[in-house]
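The letters A, B, C, D and E name the chains in turn, as written, and every chain counts its residues from 1.
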Amino acid sequence: MSTVVLKDVHKDYGKVKAVRGISFECADREILAILGPSGAGKTSTLKMIAGLESITMGEIFENGRLVNFLPPEKRNTAMVFESYALYPHLSVYDNIAFPLRSRSVQLKGESIDARVLEVADMLQIGPLLGRKPAELSGGQKQRVALGRALAKRAEVLLLDEPISHLDAKLRHHMRRELKKYQQALNTTVIYVTHDYLEALALASTIVVLNMGVIHQTGSPGVVYNRPADTFVATLIGQPRINLVPCRIQNTSAPELECISGDGSFRVPCPLPADQLPSGCREVLVGIRPQFLQLTPNLDDDGIAGEIYVSEYMGTDSIVEVKVGDHLLKVLTKEHGYRIAQAVKLQVLKKDIMLFDAQTGKNLLNHREPDASHGS
Amino acid sequence: MSTVVLKDVHKDYGKVKAVRGISFECADREILAILGPSGAGKTSTLKMIAGLESITMGEIFENGRLVNFLPPEKRNTAMVFESYALYPHLSVYDNIAFPLRSRSVQLKGESIDARVLEVADMLQIGPLLGRKPAELSGGQKQRVALGRALAKRAEVLLLDEPISHLDAKLRHHMRRELKKYQQALNTTVIYVTHDYLEALALASTIVVLNMGVIHQTGSPGVVYNRPADTFVATLIGQPRINLVPCRIQNTSAPELECISGDGSFRVPCPLPADQLPSGCREVLVGIRPQFLQLTPNLDDDGIAGEIYVSEYMGTDSIVEVKVGDHLLKVLTKEHGYRIAQAVKLQVLKKDIMLFDAQTGKNLLNHREPDASHGS
Amino acid sequence: MKSREQRWQDRYLPYLIILPALVLTIGILYPFILAIIYSLTDYRLVSPVRHFIGLANYLDSFRDINFWYSLGVTLLYAALTISIEVPLGLGVAMLLNHEIRGIRSFRFILIIPLMMPPVIAALMWKMIMAENGVMNYFIGLIGAAPVPWLANTYSLLSIVLIDVWLYTPFCAIILLAGLQSLPKEPYESAMVDRASGFFVFRRLTLPMLKPFLILAILFRTIDSLKMFDLVYATTKGSHSTMLMQVSAYYEAFRWYNMGKSLSYMIVIWVVIFIISRMLVSWWNRAMQRATGTER
Amino acid sequence: MKQAQQYSSKRQILIWLALAGYAVFALFPLIWVVMMSFKSHIDIISPIPKFIFTPSLDNYKAILFGGQSTQYEVGQTDFLLYFKNSCIITISAVLLSLLAGVPAAYALARYRFRFKDDIAFTFLSFRFAPEIAVIIPIYILYQKLHLYNTYVGLIFVYQLITLPLIVWIIRGYFEDISVEIEQAAKLDGYSWWGVFTKIALPLVKPGLASTAVLAFIFAWNNFIFGLILGSSDTYPSTVGTLGFISYESVLWGQMAAATVITILPPLILAVFIQKYLVRGLTMGAIRG
Amino acid sequence: GKQSGGSDFDPASITGPFRWDRAAGETIKLHLNKHPFTESLVPTLDEFTELTGIAVEYSILSEEEYREKIIIELSSQSGSVDVFMTGPFTEWSYVRAGWLEPLESYLANPALTNENYDPDDFFPVCLTANRWNGKPGYSNYGLGSQWAIPVQVETYILAFRKDWAADLQLTPPGNYKEYYRFAKAMTRDIDGRRVHGVTARGIGTWSTIATGFLTGFASSGCRDFDDQMNCTINSPEAVAFTEIWIRTLKESGPLAWTSNSWYDTKEQFESGQYGMWLTVDFFAVGFENLEKSRIARKVGYTLAPAGPDGKIRSNMWTWALAVNRYSRQKLASWLFVQWATSKEQLRAAALAGNWNPSRQSVWDDPQVASITAEWDNYRAVVSENLQNHASVCFTPQPEVPAIGDRWARALQEIWSGTDAQIALDRAAADIDRIIEKSGMKALIQ
């Protein structure tokens, strides 16, 4: 049984406020991802959970027990450091075996061997076991760091961008292995990443952190489909979401419409008038590039625009469409568009998000939860 | 004018052969990406170009001049190290200003200031200028390292995974800035990455490296659409390409067909019989997940299969479809498939790749170059 | 052209950098050689003439049981001091490495003994260890009989005690600086790995600190094998404290036998040379191991 | 600066106690010396050690101003001269050693070249020689070269003490600097000198400072070189301090006062240096 | 000025009337031992320069350092020292090494020695002690050239706590059996603290021999060498005396006798913890110092205990000024020696604490005499000693330091439990070897 609970935790480094009162709960045996841009306070949070950084304010509980003052060696955690923190004088094998030999684990020769080999195999570093860290490439070091944490089989596994230096293939493999490992050993995992895909693919809960403040906590589906605010919406999804400043107006259309300043962009308002916060008329309309349909057929309904630029991205192209003063990104599989070609853009009402122009808050957030996220 | 040419370059670390004879040319003012998995020899190659590692064998030319023995400080290169290698005793400002104060650049006070601020602005590290590296987060350190290299405005810029620690948004921003910078200053850039998307988006030439050997050199479009072999094909593209071992057979179909061992998978052979290497019958058929169309309509043509697992990935889902003994990945926007649901898979002949089962070499590589890659 | 320039750099730059130090060194080399030559003569301070007598001084010494005794006492002395000072210094350094309140004052206090010139320190200690001195006074307080600290049987140990007092701070400083230069991250990860203090000490601190430990041992070995001041100032070299350099002093300055005295000192020089050679190659290996860059 | 470990108060107290225990051992003789410097001779030779006495400044007066001393024990008025000599010789010797030795240490740490280990060992082997062994040959040489009883001669011979220490200990610190940081500096366009002065030196500053202090202390405390190779113009203060062993008794009080004064410079130096004995922000990150 | 020196300088070549300014403009270099004589000399050096036009540089060191330094300076034969302090048995080494300038022809030359100098005013024993003909053997004592002019003299007398003796109703010992008993009787607890009957030097160097021990040894009729330069420190009488000497120390002496240097011993005695010390007479200055000593006015002085034949042979030492044979300013050097050992200078020195004076006239000076007036019968004892009992008790030969150190080590061994005969036999054998090697035997007549 291992839960981790943070209650209004703060971390100051002198004048720098790295973490400004965050609270979340990580349930037993779940993978919780802390997602945030560079400098958000992810590493600081993780180090506080590990007991490596003092807590400026607030409380951290592990298994219901207050651990603010428990030294790291008394907690049953394992951690992968962003900078690896390998033992320079030990071979890869001994690095991985190190926690196993410590008093808290104290395995004997053969079982150490078995565990090290198992982990090495999983991380594909078998042939490197005899080398010293100085003789490894960046990605290899990172895998050793991961191996060291995994070999220990701690109750709580803290991972700080553990696979950022691996290639896509290996990363994919690692993600799977990690999930298998976590399920087999019933470990609680807190996973720090700046990669939303990783968070979506791995975690059951995502905590979105920025500038030391939590913007949203939720399941991957919720975070993706119902971002709490524009920050979360832009952080997640690539190419990033289109945000168009609009006014909500009562037009001739059957329902309210969101219309941009120059009138070039107009979409139906996904909220009925009575659900709009009173007085709120200035909004940001958010539409993910995938949800914009591009058609060369100018007779179709939709927003008129012209192709501005088109970027080839393997299978898909990212096409930027100029609509009035706005550039909208569209993800499409068609590569045939010419620059300056006139097109129409279509969008389903269900794919339209609405954010408060002032606060950035999502105005739709009382909608039903969307259950469509995957395995 | 800055070209970089490698001729049969080798690098051994004692018994470890990190680079085993690679040759490529980086034209003036181009961005060349070295793409490869962890341990491929990317960093080693870069360090040899910078003059930081001795060259075990082979020759490196910069601007046509042999530089094997030129000390690093005499070359006009800048480099971002994988491990940042920031100067721990200097503030961020001084770290960035450091190369500007060197004898080879020798800027004076104000112009240094201007350059540092410009770079800091571009990298969004303005507020951090007064801090020491130890007070930075991982991503911030990486940006400082990048800033230091950019500030110098060297003729050749060597970047070793320079944005691996940044979030998607920032990464995107950086990529753009880098491109702008490169175009403005006419810098030649060699960019090491394990991220194929980065390579595709940035580079005009991609060198695919694995185990110290070059698998392919080419433009992004060529590398993506006409991978030299299965290694390149699987390295690039996410989810990775489906490879199905097949035999080429003369069936009742109008052309040759590729049929898997159990017969469950069959697709037309993209090559006419006379273009097949003699005796080659065992092949790997490669189809990217994007090119497989999934239809619940069992009356349609196509390969019959059933849904095995479905993974939610934001907009798309990765659906694995069981076809006989094979699992094929399909990228789709439809999320509604049930496990074990029977489906049909369709693929266009132009989207089928063919690899030699023994050597892994792409059998289609004498086809016309595909010009469909974007801006 | 370029490649030649580079090769020139590669080849000669290091020598160039070392040159000033080397020049100083070579200047001092001359007296060394002179000393060796004198040791092959019957050089007496009170005699104007010197004759070359080959290895006679050495053979003479080797036949003299006092020589062997002296050598034995010297080795014993070095072994005793080093085996106390280095572990104790390590302990002190590790205590001083904690960032706790008041640690700065402690760091300062604990190196003060080093600042006493050894001769003076020894005189002061002699006073403290006198029959009516403070040591016996304190011992008397707990009811024990006064101890003749500097008389034959105790004198070597007493001088070892003074040496420990004087030079433990030296070890502590070197080791503290060493501890401070260790990378911090492995410690953090070891903490998370729940390694016990002792385990971390044995598996992390010791191996990474080894180069510094060896340096401390090296310098202490060199200095204690040629220890002179403390003995000279306390017992003037009673039988049990007849270290090699004290013997050599007697031969040269009291009995005028410069040649013989030099033979003693050349022998101790050789002993130090051999031990240091071993320590230095050990240091080289440890240095590479600690950073994981074995060649 | 942040400190990862949080000390429980129990642990702090334990560390404190252990340190205090050692501090008593380290300080006791010194306290005794300081007390002695304020005692009269009759109190000093008291058969029962005196902890309570009427302090007087007579001893200090005697050594600083010579002046009033009893009929048979004239104070040593040259002490201040010797003190000045010590300062000149020791500081110059340490500076010379730093100037020549630190670059050498750097080369030994960073470059690979032929005879490297032998050269390094040669530096060290200087310290092997028992002082008494080399002192006579040096004396004879100095007489010939007119270096006898000169500052230059003494500064030169003090290299025997300071140079090996500086080369060897600093070399260790240089070896600790991550190679990549220096490589980065090279790429940034700096020659070895630039890298050395702008990167390597600042990074080893703490080690440099403490080693320089050690070298200073060892040189300051040396006795035999000054005695044999100097004369009344150039004697260092150690020789002066021993001068308080008068013909028929040791002037313990004055000697103690002189000792207190003699250890002041290293002490003051150590106060300044003390902050370098603490890991700066820069340290800890230098090993790759 | 002109050079009046060099190893072949002949003082007889100088003629004419005596003039102080004969060597004006020269500079001489003194090497001085830390000593009351030095202390009184240094402030008056300007007077000398004024008188003679000779500039003086000097270096002062404590005794141990002084001895090392002077040997090195002299052995360099570079003339880096002109005038230095020395004394009887150390001179013997220097004489054989040829470092000393014989002074009798300077004394005899009226062009060089002024008529008021009055060499006969020196105690005869003091001049004798600084003469030697370079040949080994006791019969050569006091023969030959005058190598140095004494500035001070020390002899050995017995200092004891007369207050304790009175308490215990003891009379001071007249022989060494009594000496043993006297020490034993005074060893007891006073106020719960142990006090000891006797103290003495005990470090393993010749100074341990040269002091009270040698006085007792010689008084007991023993010698260190026979006429053939065979070591006799292990003769039956010698062993008997040595045994009783060590036994006394062991049973009634300091706990750590083997680390007792002269100043430890003096402090011990002055701290009031010891009953008796066969010591050098001038230490009385310290004992009687009311400010610094706990035993001032509590000490009695008497002659050293006598041997079986009733004779007392008190060992002695003089500090004396000698001239370096390799000096390049011998004339100036001699003028300095003459000036520094003049009646006026030595009187001033004595008044400044240079004890005991080497000139009869100074010793008899009322002002000088008044200093010691309150020191029990110190004056009488010292006078008696100088008249009748004092002489250097080592046999003249250049290896005194080596044999003295070896001998002292034997005493330490005996103190640590080795049988006296065995320890002394071994020492004698070693000493014979030293003499053998030194080539002395060839010089015996």
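The criterion applied here is as follows: a residue touches a chain if its C-beta (ideal position, glycine included) is under 8 Å from a C-beta of that chain, and two chains touch if they have at least 3 such contacts.
Every value quoted in this text rests on a predicted model; they were computed, and no experiment measured them.
Within the contact network of the assembly, the step distance from chain A to chain E comes to 2. Here the chain pair with the top count of touching C-beta pairs is C-D. Work out the mean CA point of chain A and of chain B, and you get 23 Å between them.
Chain B and chain C have Cα centroids lying 58 Å from one another.
Chain B has residues 71, 83, 135 in contact with two or more other chains. Touching two or more other chains at once are residues 132, 183, 188, 191, 253, 291 of chain C. Within chain E, the positions touching two or more other chains are listed as 68, 72, 267, 271, 273.
Residue ranges of chain D in contact with chain C, taken from their complex: 3-5, 7, 12, 15-16, 18-19, 22-23, 25-27, 29-30, 32-33, 36, 47-49, 96, 99-101, 103-104, 106-108, 111, 113, 116-117, 119-134, 136-138, 140-141, 156-157, 159-160, 163, 165, 167-169, 172-173, 175-176, 192, 206-207, 210-211, 214, 217, 220-223, 238, 241-242, 250, 252, 255-256, 259, 262-263, 266-267, 270-271, 274-275, 277-279, 283-288. Chain contact summary for the complex, chain D toward chain E: residues 40-42, 45-48, 70-72, 74, 78, 136, 139-140, 143, 148, 227-228, 231-232, 235, 239, 242-243, 245-250.
Contacts from chain B toward chain D in the complex involve residues 47, 50-52, 71-73, 75, 77-79, 81, 83, 85-89, 98-99, 102-105, 132-135, 148, 152. Partner chain B is touched in their complex by these residues of chain D: 178, 180-181, 183-191, 194, 198-199, 202-203, 205, 280-286, 288.
Here chain E touches chain C in the complex through residues 67-68, 71-72, 75, 77, 93-94, 96-99, 194, 203-206, 254-259, 261, 264, 267-268, 271, 273, 398-399, 401-402, 405, 409, 412-413, 416, 434, going by the rule given at the top.
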